[in-house]
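Labels A, B, C and D are assigned to the chains in the order they are written; within every chain, residues are numbered from 1.
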Amino acid sequence: MKNTATLLISCPDQKGLVAGIADFLYSHNANILHADQHQDSELKLFLMRVEWDLGGFDLDTADFERAFAPLAARFGMVWHLALSTRRPRMAIFVSKYDHCLVDLLYRHQSGELHCDIPLILSNHEDNRKLADFYAIPFHHIPVTQGNKEAAERQQWALLDEHRIDFIVLARYMQVLSAEFTARFPQRIINIHHSFLPAFLGAKPYHRAFERGVKLIGATSHYVTETLDDGPSIEQDVTRISHRDALEDLIQKGRDLEKVVLSRAVRWHIDSRILLYANKTVVFD
Amino acid sequence: MKNTATLLISCPDQKGLVAGIADFLYSHNANILHADQHQDSELKLFLMRVEWDLGGFDLDTADFERAFAPLAARFGMVWHLALSTRRPRMAIFVSKYDHCLVDLLYRHQSGELHCDIPLILSNHEDNRKLADFYAIPFHHIPVTQGNKEAAERQQWALLDEHRIDFIVLARYMQVLSAEFTARFPQRIINIHHSFLPAFLGAKPYHRAFERGVKLIGATSHYVTETLDDGPSIEQDVTRISHRDALEDLIQKGRDLEKVVLSRAVRWHIDSRILLYANKTVVFD
Amino acid sequence: MKNTATLLISCPDQKGLVAGIADFLYSHNANILHADQHQDSELKLFLMRVEWDLGGFDLDTADFERAFAPLAARFGMVWHLALSTRRPRMAIFVSKYDHCLVDLLYRHQSGELHCDIPLILSNHEDNRKLADFYAIPFHHIPVTQGNKEAAERQQWALLDEHRIDFIVLARYMQVLSAEFTARFPQRIINIHHSFLPAFLGAKPYHRAFERGVKLIGATSHYVTETLDDGPSIEQDVTRISHRDALEDLIQKGRDLEKVVLSRAVRWHIDSRILLYANKTVVFD
Amino acid sequence: MKNTATLLISCPDQKGLVAGIADFLYSHNANILHADQHQDSELKLFLMRVEWDLGGFDLDTADFERAFAPLAARFGMVWHLALSTRRPRMAIFVSKYDHCLVDLLYRHQSGELHCDIPLILSNHEDNRKLADFYAIPFHHIPVTQGNKEAAERQQWALLDEHRIDFIVLARYMQVLSAEFTARFPQRIINIHHSFLPAFLGAKPYHRAFERGVKLIGATSHYVTETLDDGPSIEQDVTRISHRDALEDLIQKGRDLEKVVLSRAVRWHIDSRILLYANKTVVFD
């Protein structure tokens, strides 16, 4: 089984950065497996992802922070260390539409998604049987006009109890409160069924159909306070024609949504995504 | 050389339509080469394109209207007949950006576009040499804040004089007046450098870059009074990543624009486009 | 619920064909919903698909053949009539890989595939639990070097017993005998994990990886006697790069295989595919 | 104007490599603009591209080799240094088809291709006028059954005289001799009008049409002794249907060929391509 560490770094771009990081890793006998970096020349920003084999690495991961701190301070780094042996804990929120849920659960079972799924939360009972088949605990928390706040408190309690790292909204048809999204910065992934920023908001396929577009799209993004405006993680499109009725758009769209959401989830789990300026860099 | 007639028909959907049209053509000994039709079940609309060989067709095209009129009246058809031997006359409007112009002129020369190009109109001198190389008359009509109306009158005079059938805006950086667009309904084709309705208006690549989209697009459409809102004819996208700077978007976008515009122009010339409900049906 | 008839026709191209068919349908008060046709000018071949509403159609489907026979004879038609109320019966063959099976069963359950699935046949036990979840009978027929003939006899017996119309090989890892394929002409659909004719035969992803291709593909096709040479129904590709290891190709390929196979299955069920000259025409 | 150096490195993968390179550059005060690396874990190979600003770099490029040699020797590097101020010199070979030539010359003129084009070589006169328009010297060297060897000697003489760095075969319809290709290892780029390895050899569109494929492709690759088998640089595809006749494939294919060839040429010029195991790594 893989035993690697992945370091994500953001900081102001400056000379000596790569040398500093590479020297640090080499001095502790790291065997680098992958390294990718990006410099934004306009914003003078440096972003890096580096993954190394922990076999032979002479620094205990518990000591990493202390050892890395001087370098991080010198360059003003924001950094995060992820270990392949520490699987992130993902919660899935779903309503009635099940295609994204089916897709995520199958990918998880088949080993594509290196995470644990301690729970599925839904405002409907419909998907319990599916959750049971994959042996994932399913919690039904109804959400109504009046009980939204209470429902979110219930959700939080479960998320806390299960030490959830991040949330995937697999066509969850409720808008989360600003308070909720603020608690999970860059840790809620949503799928929107349009090529954002086209067709923000409700019923994007209907509006795409009326507009007579020649391609339909889907966008996975981190959720922020502003609806459908968080940083895009992945987007894709598929061609349609006048031969496609609205139902055909919806059906073709489902295939897009599944793929576009699952890519984002995999990249998030594998620590491949860095954020800046309301954008993502994906080191794929 | 090809000698065919193409009939475009729109009318309310009703029983007996196809039989009526097919019988009419068969009774005049037409050899049908292509036929395509579309029914919009919601709007109860019937759209058809049929192309036949004129060899053996026993109706003189001059007599077609009179002969077809009773059928057209019976079904309430809006129809248009195009002859392959009658090449449409296209005017190109261009400013300084030349990539779409280069592309159209090359495609025309190589036989991809079955039209005549009696003139190129530009608000700048820059592209005269290119026009000369392809032996297309080039007219420089400067457009300023103050002379817009006068400039359009000059343009109209030239378009009338050369009996222009339709206009292609090959990255023409001036907004046409409502009066102008009204004179050429469904006969002005524009290329917009975004996947409409995302990034309407100015500087779409800049805004796409800032938004952090993962795909950039281009849209060719008929020009209507409302800016960037006319019916889309063709759209396409290309993938970008964080490794692409703004200039890379612009460069990749040029390849999209050329292809997306030229497809629209070819379909228009070949009478493949029908309009309804601010959408296009393309019988490709 | 939809109540329509779909007629597929192939015959030598000749004048009066469309008129003949349209007159026939109109004379029986058919309300045509979709019609699509194709003429191969080189082979002088005419292909048509026409679908009409059976509400108001004055011909009992039992009488259709007798009524249509004179016209069919006059033009030398090969034709087939399908009724939306008569769901085709599909058998799925599968081995251990389950991604295509999972995908087909989900699409069936969600209403995308208008067919019945009386049975799944497998040479392994692995997928029984999945079949149970979707309540589809699962039959385990082991195939070994020595018992192939006997196994196929068992399979035939089940296919006959369940009056199976067509078979889908959802990554079934056994080559069917020529005798078997001959029993189901144009009625066995396979998914091959390459862009055929590149990488025919075994281990296409391994060979694509070694060859250093920039795109990987998948092909769904009808099975004929010659391995991987039957008429292609659908193909698609996805981009890869040097950052993709062999396992990444296999993982990305799974998404392709699912989509490319399911499109073929849906088109087959909806009577959208016509064959000629070892090719398919798909009236999508 | 840009004043940068780009270093391409291949060597066995080993610890300390990145640190060694980064330290070297930092010690000479390099401001790194882009860095990309790839490790092939199976072949234990390390590949890197690093580009830095020469402003502030304290090593004269004439001294680079001497200064870098110890590090290169220690790690067994194969390396190459390219300077943005030293534009590579490209020769274009062309026959009668002009679409790729038109495209390359336009891209060159518009600043997309940072190279010089000292000459165009052709076995036909047809494209002289076009070369004249772009003011590129055009040399007509007829190639016949009997004079091939003599013709290649003439070509060599011109290539030597003009100190050509690399050759682009822009639909050049002659097979180069093994002796010729051996003289320009990894320095001849060809465009093949299929998705290789499908449809190797002559008339790929004809064979794709007969095979009934659903996508057509194009492949740009380095030329080696074995026809159509050199390492692929770029590939792309476009969708076709039964509505596309052979001429439509050829026309759609032209758009593919232009884009796929020009990307390869740009990447080659910008030192973005590394080779190993008959594959390319493109640091785009």
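As a working rule, a contact is a pair of C-beta atoms (placed from the backbone, for glycine too) under 8 Å apart; a residue touches a chain by one contact, two chains touch by 3 or more.
All of these numbers come straight from a predicted model, not from anything done at the bench.
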item	value
Shared chain contacts [chain C and chain D, defined touch]	A, B
Centroid comparison with chain B (C-alpha atoms), farthest chain	A
Centroid spacing, where centroids are CA-atom means, of chain A and chain C in whole angstrom	36
Overlap residues in chain C, where contacts from two or more other chains coincide	41, 243
Footprint of chain A on chain B - complex, ascending	38, 41, 195-199, 210-215, 217, 231-232, 234-237, 241-243, 245, 277-282
Chain B to chain C touching residues, read off their complex	15-16, 18-19, 21-23, 25-26, 29-37, 39, 41, 239
Touching residues (chain side chain B, partner chain D) in the complex	98-99, 102, 106, 110, 112, 133, 243, 251, 255, 259, 284
